[in-house]
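Following are the structures in question.
In what comes next, chain A is part of two complexes: it sits with chain B in the first one and with chain C in the second one.
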Partner chain A sequence: MTPVFYILAILTLAGGLAAVTLKNTVHCALALTVAFAGLALFFLQLDAQFAGFAQILIYIGAVAILVVFAILLTRSSEAEASGGILSRHWLAGLIIAAAVFAVLGWAILRGAQALPQESAVPAVTVHQIGTALMGRYVLPLEIVALLLTSALIGAVIVAMHEKESAK
Partner chain B sequence: MIERLDQIFILLRDWLVHFLPANWQAVVATVLNVVAIIAVFPTLFALVTVMERKGLGRMQNRFGPNRVGPYGLFQPVADGIKALTKEDVVPFRADTIVHFVAPLVLVVAVFMGFSVLPMGRNMVLADMDAGLLFFFAMGASTELSVFMAGWSSRNKYSLLGAMRAVAQMISYEVPLLMSGLAVVMISGSLTLSKIVEAQNRYTFGLPHWYVFTPWGFAGLVLFSIAAMAETNRSPFDLPEGESELVAGYFTEYSGFKFALFFLGEYVGMFSIAGMGATLFLGGWSAPLAILNWVPSWIWFFGKLMIAMCLFIWIRGTMPRLRQDQLMNFAWKFVIPMTLVNLFVAALWRFVGPGWARWVVCWAILIAFYVLMGQTILRRRGLGPRSYRYAE
Partner chain C sequence: MNPLTGYLLVAALLFATGLAGALTRRNAILVLIGIELMLNAANLNLIAFWRYGPHPEALTGFLFAIFSIAVAAAEAAVGLGLVISIYRHLRTTDLDAMNRMKG
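Right after this comes the complex of A and B.
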């Protein structure tokens, strides 16, 4: 656990915490972007270049913008959160979050035993990712493409219907 | 001798660094590289602002600035002094932190893009395996700063400008990436220095630049259109529509922060022009094999300057596109054209060398272009131009 890991961990956790505790919704979205950036830096620290840059390109470049547009187009950016930031059912939320964390932690710790200790980091080049995607994982790739196409068509249809219903 | 001139900056850096102990050398070498980039590109920015104002002026049948120095060359100095000494006005209800951070994010993201551009033989700051992806990731981060600037000003016009700018930038990011994708397909690598190496070959003295192939030519045209839209440059500059929104998303910025936005926009233009030169125009390789004695960095910066002249030329010539025209153009024409370009690039590769692939690829591209144009024009119901004069 190098110092860089701790710095990045603090950055990501701070971003995540700020994203749920800030009052202004747009500030929350920007803090979420900081958390995404922290994750991308984690990927880069683990030498997964493609994953890191794709994280920046997709999450910060597209998902964060989507979140921000959604906030702007609804009313939640003008009315600040009233009644505090904690909801009334905070105990149930806490229990559920702890349960999910326990499951994730158990899964990771069980999986970590199966990994070889201190092995040399395999240098995964983009070429290998490409051949894997086109060779072994071509069926998931095509299914994801189909999913994205259907999402795109769905978005166009939803937008079109709104135009018709406005007449 | 020619080799030394070509590598002169590398040799200079190595000479400066060899005075230091061995374990400091790598770090200081990287710092010197970064300092060189930070020194060169703002200087070019100053030069290009003068070039643009004089160029636009001549195109509009007037002189540009000509008071400050010989032929107005010291105008950027005057602009810099003005920007630095102007009072920094922040609106009372503006969101101070986000308002402050927005130009910083823009400038940082834009300068990061230069780290993967090969500016000469062996002159890449960080030769990353997925260099192209890094460049476009940094470009995507600039959109967020535009939104932050517009929103934090608490000004309806700024917000409007920011929303338009972000919508435009995300629409044109798709053709930007996909026109570069054809190059990646053919050269087989995301590493920019390998893409330049693949174009650095000559047959009968003519280079193998990708722009001389059908898909490369279409790709360069589409890439320039998308690049102009990405940097909010005329004719796509409705977000900073000077006659409508005052200055769009940077209305509420004055003084040094405005200068930072201006710098960020122009340096972004440099980096995208550099990427276009790397992908399609062969980066630092010379146009003819006999011209290889000219240093490689002169070719790279020459191509960059020619691209700048093209940007300025188009700014002075074409009228501004309206927001819906802009979006229609992106989604209904440019994106199908880039998809066809990808298909043509694949066809180019699989038909194999010979004259057949030239004919087939050009035929498909021209047919699709004409077809798309006719379809869009017919749907719009435009006829031949008719003039009405005042009586």
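Right after this comes the complex of A and C.
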């Protein structure tokens, strides 16, 4: 474990924790961006350059902006002031999350001996990724393209103004 | 410590954080943020297993993570569209106030 790993872990986990605990929802979205950036740096450290840059483009560039737009369109940063930020069943949720982490951590630490050791750096070029996407994985690629198209059309239809139809 | 163990522990912590956020917050957008964190933790696991697995040149885990990112983007678009639509009907994003399915 290198110091870089610990710095990235602290950055990512602090961003994630702030994203779910802060009171103002705009601050939550900004903290979420920090967590996404930390994960992108993790991907770069794991020699997955393409995934790291895709993470920056898709999550920081698109998803975080989408979240900010949704917060501003629903004005939920102002509504949050009245009443608490936690739902009625927050204690049960917290217990479930802690139990899930306990099970995951126990499984990881118990199985640590069986995990593979340090291996050579895989040399992956964008050319190889493109060949794999257009060759062996062409069917999943087409299905994802169809899914993205239908999801975006569906999102626009769901969020579109239904003018005059209600009257 | 085994290098893979560190990544798996970070991913498990991030997943638990996202789950706690999704289960305890009352704002619908914050619940979606928690779900995004959980999906990202799963992606970190996929990339870490690909990197330290026996055949990284086959690119299996790597491309699984890429497809997972694409599906998560579609999920975020639909989820936030639904939140905006519900806000227009009920004038709130408070999940405790959303207690009827009829629009």
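Note that in this section the second predicted complex is superposed on the first by the 130 of 167 C-alpha atoms of A that agree within 3 Å, B and C clash if a C-alpha of one lies under 4 Å from a C-alpha of the other, contacts with A are read in each partner's own complex, and residues count from 1 in each chain.
Assume a contact is a pair of C-beta atoms (placed from the backbone, for glycine too) under 8 Å apart; a residue touches a chain by one contact, two chains touch by 3 or more.
Every value quoted in this text rests on a predicted model; they were computed, and no experiment measured them.
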Between chain B (first) and chain C (second), which, if any, makes contact with A:155: first, second, both or neither?
second
Figure out whether A:93 sits in contact with chain B (first) or chain C (second), or with both, or with neither.
second
For A:127, select first, second, both or neither according to whether it touches chain B, chain C, the two together, or no partner.
first
In the superposed arrangement, does chain B or chain C reach more residues of chain A?
C
Touch check for A:54: first (chain B), second (chain C), both, or neither?
both
Contact residues of chain A, present in both the chain B and the chain C interface:
50, 54, 62, 69
Which residues of chain B touch chain A once you look at their complex with the stated criterion?
95, 98, 128-130, 133-134, 136-141, 143-144, 147-148, 151, 159, 163, 166, 170, 173, 188-190
If you look only at chain A, which of its residues touch chain C in the complex?
1, 5, 9, 12-13, 16-17, 19-21, 25, 28-29, 32, 35-36, 39, 42-43, 46-48, 50-51, 54-55, 58-59, 62-63, 66-67, 69-71, 73-74, 76, 79-80, 83-90, 92-94, 96-98, 100-101, 104-105, 108-109, 112, 115-119, 122, 124, 128-129, 132-133, 137, 140, 144, 147-148, 151-152, 154-156, 158-159, 161
Residues of chain A that touch chain B when the two form their complex:
24, 26-27, 30, 33, 49-50, 53-54, 56-57, 60-62, 64-65, 68-69, 72, 125-127
Mind listing the chain C positions that touch chain A in their complex?
1-10, 12-30, 32-34, 36-37, 40, 43-44, 47-48, 50-54, 56-57, 59, 62-63, 65-67, 69-78, 80-85, 87-88, 92-96
